[in-house]
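Below, chain A partners chain B and then partners chain C, in two separate complexes.
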Partner chain A sequence: MKLVTFVSDYKMTVDTLDRLKPEKLGIILVQNGVYHATTKENGKPSSMLNYSANYYVLQEDLETRGLSAANVIDSKVKVIKYGDIVDLMFNEYDKSAWL
Partner chain B sequence: MGKLTIGCFASLVGSTNLDFAVKLSAAAMEKGHKVDLWVSGNGTMISIKDQRAFKDYSSLEKPLKELMAKGLNVTACEACAESRGYHADHTLEGVKRFSMDWYLGSAFDADRLLHIGGE
Partner chain C sequence: MATTKLGFVVQRPGYKSENPKLALTHAIASQSVEIYLKDGDIVTADIAFIGDGVLNCLKDQKAVENYDLNSTESHIKMSLLLDLNVLICREDLDRFGLTESDIVIDAPEFGADMEVKVVPYAEITKMMEDQDHLLFF
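What follows is the complex of A and B.
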């Protein structure tokens, strides 16, 4: 299963991802979930970035929070737009989840 | 091209899940996909007509009307709407009202499904 997961919150205890074992995992950070891509706590990046997954963050939700691609702290997180989300859902993944 | 079904069970007033669902619908339609949008729970607030648009406040009536004119298929959960006092005569023109089986039917023959849960 190729699963794309939307993370829409900045809660740190998202253990659902620990229980998911797809053959391919994509994580799209949206809404307050974008803070996982921009914020360090106690000098460490979010543990959300520790999964073996392809990472994306929604540009519009960065911008509405006064952030930009320059604030993304890990280069493996790709900045994308809504149109890219559609392409990912239809071309790269077959199932989706919302956390 | 394919069909995308989005189920949005937006919870709190001010939740931006509905905004996300509408913008994703627009992006998918722009790429030629067919989109069904199902709203349930507090998400049914999107089905009410004559909402006033305030600055810095999410207002989806206008974009929703534009998308429906281009073929977006929007259905609200009738029970969720009625339980919130959103009656048929309050409903935005073009938004249909059915029970949950409409959503299941739409999801059944969709190429992709995104179920956006409530907070």
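What follows is the complex of A and C.
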């Protein structure tokens, strides 16, 4: 299964992502999930970036929070817009989940 | 003559929920209750951003452009216009590698004289001890 997962929170209390084992995993960081792409705590990047996945972060949600593509700390995270999310869902993945 | 002191403590990032912005709107609204008070009575409001809540204070938020929504940044600036005491925890800013140049400090475009104060957590604790009512968001 090709699964794309929306991560919309910064602090998560469940390990759902650890339990998912799709053949292809996409993680789209949206809403407060964008902080995973931009924020280091005590110098360490978010453990959210440790999965074997294709990472995306929504530009509009970055900008709303006073952030931009320049703040993204890991080059494996691709900055995308709303329209790109639609393309990803229709063309790259079979299912989507919202965490 | 009595003073009622309100303390608003924001400990979560914004926009995912209305919660942090509600702290600011409540603090701002607290300054418009004069008609219900006796002569000489006043209500003060202090606002503190701690923990992940300091992320609300990043500047250049484009909420109007993207969400058609007033930004949390503009609410902080409005609080400064009303001379509210706005504190940001220095240790939590450090934890995120943020400096004063990354956050809202003043609001001259709003005509505000007050500035945000970046302070150690000990000072925020002192502020909280000084309040009559503490509200956490």
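Everything below uses one rule, namely that the second predicted complex is superposed on the first by the 96 of 99 C-alpha atoms of A that agree within 3 Å, B and C clash if a C-alpha of one lies under 4 Å from a C-alpha of the other, contacts with A are read in each partner's own complex, and residues count from 1 in each chain.
As a working rule, a residue touches a chain if its C-beta (ideal position, glycine included) is under 8 Å from a C-beta of that chain, and two chains touch if they have at least 3 such contacts.
This is a predicted model, so every value here is computed, not measured.
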Once chain A of both complexes is superposed, is A:D74 in touch with chain B (first), chain C (second), both, or neither?
neither
Identify the partner contact of A:S96: answer first if only chain B is touched, second if only chain C is, both if each is, neither if none is.
first
Can A:S8 be said to touch chain B (first), chain C (second), both, or neither?
both
First (chain B), second (chain C), both or neither touched by A:Q31
both
Where on chain A do chain B and chain C both make contact?
8-9, 31, 60
Given the complex, residues on chain B that touch chain A span 2, 4, 16-17, 20, 23-24, 26-28, 30-31, 33, 111-117, 119
For the chain C and chain A complex, residues of the former touching the latter
13-16, 52, 55, 58-63, 65-67, 71, 73, 95-97
In the complex, go through chain A and note every residue touching chain C.
8-11, 31-32, 35, 39-43, 60-61, 63-67
Contact residues on chain A for chain B in the complex?
6, 8-9, 30-31, 60, 81-83, 85-87, 89-90, 94, 96-98
